[in-house]
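Shared chain: chain A. Partners: chain B in the first complex, chain C in the second.
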Partner chain A sequence: MKHLSALSEAVIKGDLEAAGAATQKAIEAGIDPQTILDQGLISAMDVVGERFAQGAMFVPQMLRSAKTMQSCVALLKPHFQAGTVSTKGIIVMGTVKADLHDIGKNLVAMMLEGAGFTIIDLGVDVAPEAFVRTVSEKNPQIVGMSALLSTTMPSMASTIEALKQAGLREHVQVMIGGAPVTAKFAEEIGADRYAPDAGAAVATAKKLLNIT
Partner chain B sequence: MLIIGEKINTSRKTIAQAVEAKDVAYIQSVARAQVDAGADYIDVNAGTFLEREATLLPWLVETVQSAVAKPLCLDSPNPQALVNALQVHQGEALINSISLEKERFEALLPVITSRPCRVVALCIAATAMPTSAEERIDVACQLIERLTEAGVALEHIFVDPLVQPVAVDVRMGPAVLDAIAGIRQRYSGVGTICGLSNISYGLPARKLINRNFLALSIARGLTAAILDPTDRELMAGLFAAQMLIGQDEYCAEYIEAYQKGILGASQSNP
Partner chain C sequence: MSNLPIPTFQPRLQVLSRAQALAIHAAALEILEKTGIKMEHAQARAMLIAAGAKPLADDWIRIPGYLVDDALRSAPRQIVLYDQNGNRAMPLEQDNFFFGTGSDTTFTLDLDSGQRRACVLNDTGRFARLVDALDNLSFVMSMSNPQDVPIIDFIYVYAFAEMVRNTNKPIVFIADRLEDITHIHQLACLVAGGEDALRRKPFLLNYSEAISPLRFPAHVVDRLMFCAAKEIPICLPSGSNAGGGAPVTLAGALALGIAENLTGLVIHQLTQRGAPFLFGPNVSAMDMKSTVVSYGCPEWSLTQAALADMRDHLYGLPIWSFAGASDAKTVDAQAGAEAMFSIITAMTSRCNLIHDVGYLEYGNMSSLEMVTLADELIAMARHFVKGIPVSPTTLALEALERVKAAGSKGIFLTDDHTFDHFEEALFLPTLIDRSRFDTWQDQGGQDMYRRSNARAREILAMHRLQPDKPPALLKEIDALLAKL
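Moving on to the complex of A and B:
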């Protein structure tokens, strides 16, 4: 479908105008909005993620493509019938208690959205109780936690403990990240996975849920 | 320009291994190399050791100060680790850092006023990271007021305007540069400091970016930098920038650095 390949190209390039125009054209051509989303937008972000992993694209391009995709999704939204947008899964994200750093978390959230996940972003300074409450209310498949300080990392362990206490640990996968965080730490505190950057986070989320 | 040598940080693999193995000789050699290269302070950071930091940071202080007669930059967000490290530190330490985050400010104020020391004041507000130069200047003013009220001398405060990656938003550069200038304008006796590497996160050829950022910061009024003084190209940039803003009478330091072989990788001096 040439409409969708033009759209993908524009998203990969991060060309907001061209992508918007291509989205409109695809809608007018009668292509199903879910197809436009899957084959025009999400597939483009998959390419972006791959190129980032290969070192052929960098953080600014990733951001630009993600923002371009977001604006196209906004154009598509009205064309979906209520409740028919499919999602790869729900992910609750937050920077842990007493930690205000959000740049990395925001990047990860954008890339996960670009990959087709639904993100519930609790922001920064998120207490274990807040994670637990959101998990019990929203039934996500994954909880993603970020910490940028060695002093706030223990809150990741507290949150996992709180999920256990609430009988929810079995119902979610837990991913963690942030500059001082390591795979070893993830193992020690009983998290399911650690991811070193936004690109890896997408690959990890897909692996956790057995999605390609 | 005050130089703080950044290399003794357990996030570096060789340092982590040396700390784990209590390899005093190696740690001391890294300290000496930085002092020889011009460091005024040696930064010590054991944050990656989490709960063990409270015992390892003081160990690092004693190890380094047995080898070099320099004050240290005690780099930790953990009040207990700082208290322990300060107890064994000889001379006036530079505490890195305090911010307006409520728990951090309340826990650290008594520590920094307990004995003569200098302090890095990091521009993070109580509930959020700053998003502009104005916000940074605003937080800086609050920090300076509260610290000086508590008895800390203006000259002992080094404001860190919080460097964030330009890869995330290309306005992060001016946010810091304008903040440095704005803060110096309002409080001409206060110090300003930053680490360089955050600016280039997520981009290729990071050293090039860091080096240029240092020069631009110096031009706007940076008075201290946390960096690797053994990085010759970086130090070359620092000497050149200092001279270019008129802070090197008769270009003496620059010429001396050249003759010592400090400037740049292409020097053929021994």
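Moving on to the complex of A and C:
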């Protein structure tokens, strides 16, 4: 549909004004909001993710596209019946206990949001108990943990253990990342996946939940 | 009466005008006075407020310019680091430059397999011993986050002990919180022969970091105040990286990093007036594709040189710096190019304490080969920076007369003048290869990676500490570690 392709173009370009206008036009044309979200916005972010993975786009441009997409989602929200927005899934994210670094985690969160996931970001210095509490309250599909320091990595293992103790480990997939983290470490502590960067995190999240 | 000798000009890099330096400093002060910083350490916050800082919401405070001026005035203009036997080793002042390795790498390039693997304590020791042997490296850092330590919470204490065991040179170290830096300090007192001896002749310097933008976590400030009180030299560079924790435009990144550094200096001097503080932020760039903080980018070299200019125009304190590092994942042409670039700029701008030599993979991987080859790159740069001495001897007019007199057989290669002066006049490489093709091929046709690998092995096999560490001291260190 031409409304949706104009919208997608604007999101890919990161043109906030044009995207807002195109969203309005699409709403006024009577296109169903979930369709606008899926075919106008999320599909555009898929293209952005693809181009970024190929080195054809820079991170600030990708973030601008994500920001554009989020501003259009805000315009769409009032037009959804309460509770009917379907997202790709809920992901609880945090930097582990005693670690205060979050630039990487924040980038991953932004990219996952752009790809259509709902993110619950617990911030930094997140204790295993806090992860467990949020998982039991919000029923996410994925838990994402980040660490920058070798000394805080053990907290990832503690969190997985805490999820087990609470009987929640089977209900979520666990993804981990951060400069000192490796696929081998993920295996050792019983995490489901390791992702080396924000782009890979999106692909990994989709794979974990068997979605495209 | 002979004429006065012509002083030798030594090549010097300048990247900022005085006007630029003043404008960046003014912006740093404006950040402190108007935006403020987030001081999460309650005692430091109270101390700053008592001294004249103004509280904002939550942990934020504004710091008036006069506190900065006071601190810049009271901080010492020279910091002398000694070796572990109390000999004067690194006078950090004016134009003196000293190179050394880096800390905290998760991985290392295995000397035997050529593969990347996680670091162990043995690596910490080997990197220390390698630096101990190399002429152009003056201080040791861990080049590892050793995974096999008995208690992970004390990783930095074990790393420090391992460095002490394997070098007599000064050590720049990392710590996490008050508890482990206290143990490291105790260990250092054992080496120096008591707290007073250590205070007078410190062989160590602590490297701590605030978090850009504007965050001062409590455990970081704990270490800052501990070092001030004990007069352990310290640097507190935040990583104010362009496009990441700091503005993407370098002037803004410098202003922010300097503001954060000045905050540390103010707290430091209020804690102990006149205690030694090594100045300067780490202002690199975040790569816009991979989001890594780059260790090979030209921006970091530029901001380091800018910091040196700001030292000369304004601060007068010795500065912390970096060089000899790369984002490459192997010891290849990128590694050589990036390492050499920063070595030349750090040296020609006269940065004082220059760390991270030997880093690969943007600081995630250490390499014994890189350290070894960078040692030679530093020597080569040094030869250039020494300049061209002009004197009757170096103008060599007498030698020319002799060569002329020798007729068609005349060549300088055989002249006494060459024999007398070639070792001084020329740079004589050992790792850099200039041999004829056939010679090179006969010796195995090895590239720089292979040659530096062989040299590193050689050094590690042969090198002994001079003097050796006394067995009694090593026993005391073991006893301290056993009690952790």
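Points to keep in mind about this one:
Operating definition for what follows: the second predicted complex is superposed on the first by the 212 of 212 C-alpha atoms of A that agree within 3 Å, B and C clash if a C-alpha of one lies under 4 Å from a C-alpha of the other, contacts with A are read in each partner's own complex, and residues count from 1 in each chain.
Methods note: contacts are C-beta pairs under 8 Å (C-beta built on N, C-alpha and C of every residue); 3 or more make two chains touch, one makes a residue touch a chain.
Quick caveat, the model's predicted, so the values are computed rather than measured.
When both complexes are superposed on chain A, chain B and chain C end up clashing with one another.
By the touch criterion defined above, A:63 lies against chain B but remains apart from chain C after alignment on the C-alpha atoms of chain A.
Contacts of A:190 after superposition: neither chain B nor chain C is touched. In the overlay built on the shared chain, the residue A:20 is in contact with neither chain B nor chain C.
When the two structures are aligned on the shared chain, A:101 is found in touch with chain B and with chain C.
Touching of chain A by both chain B and chain C, each in its own complex, is seen for residues 55, 58-60, 100-101, 103, 107, 150-151, 154, 180.
Contact residues on chain B toward chain A in their complex (touch as defined above): 11, 47-48, 50, 53, 77-78, 101, 103, 124, 127-129, 164-165, 167-168, 170, 201-204.
On chain A, the positions that touch chain B within their shared complex are 55, 58-60, 63, 98, 100-103, 107, 124-125, 149-151, 153-154, 180, 185.
Chain C meets chain A in the complex at residues 106, 118, 145, 147, 152-153, 155, 176, 211, 215, 217, 243-245, 288-291, 364. The touching residues of chain A, counted against chain C in their complex, run 55, 58-60, 100-101, 103-104, 107, 150-151, 154, 179-180, 182, 197-198.
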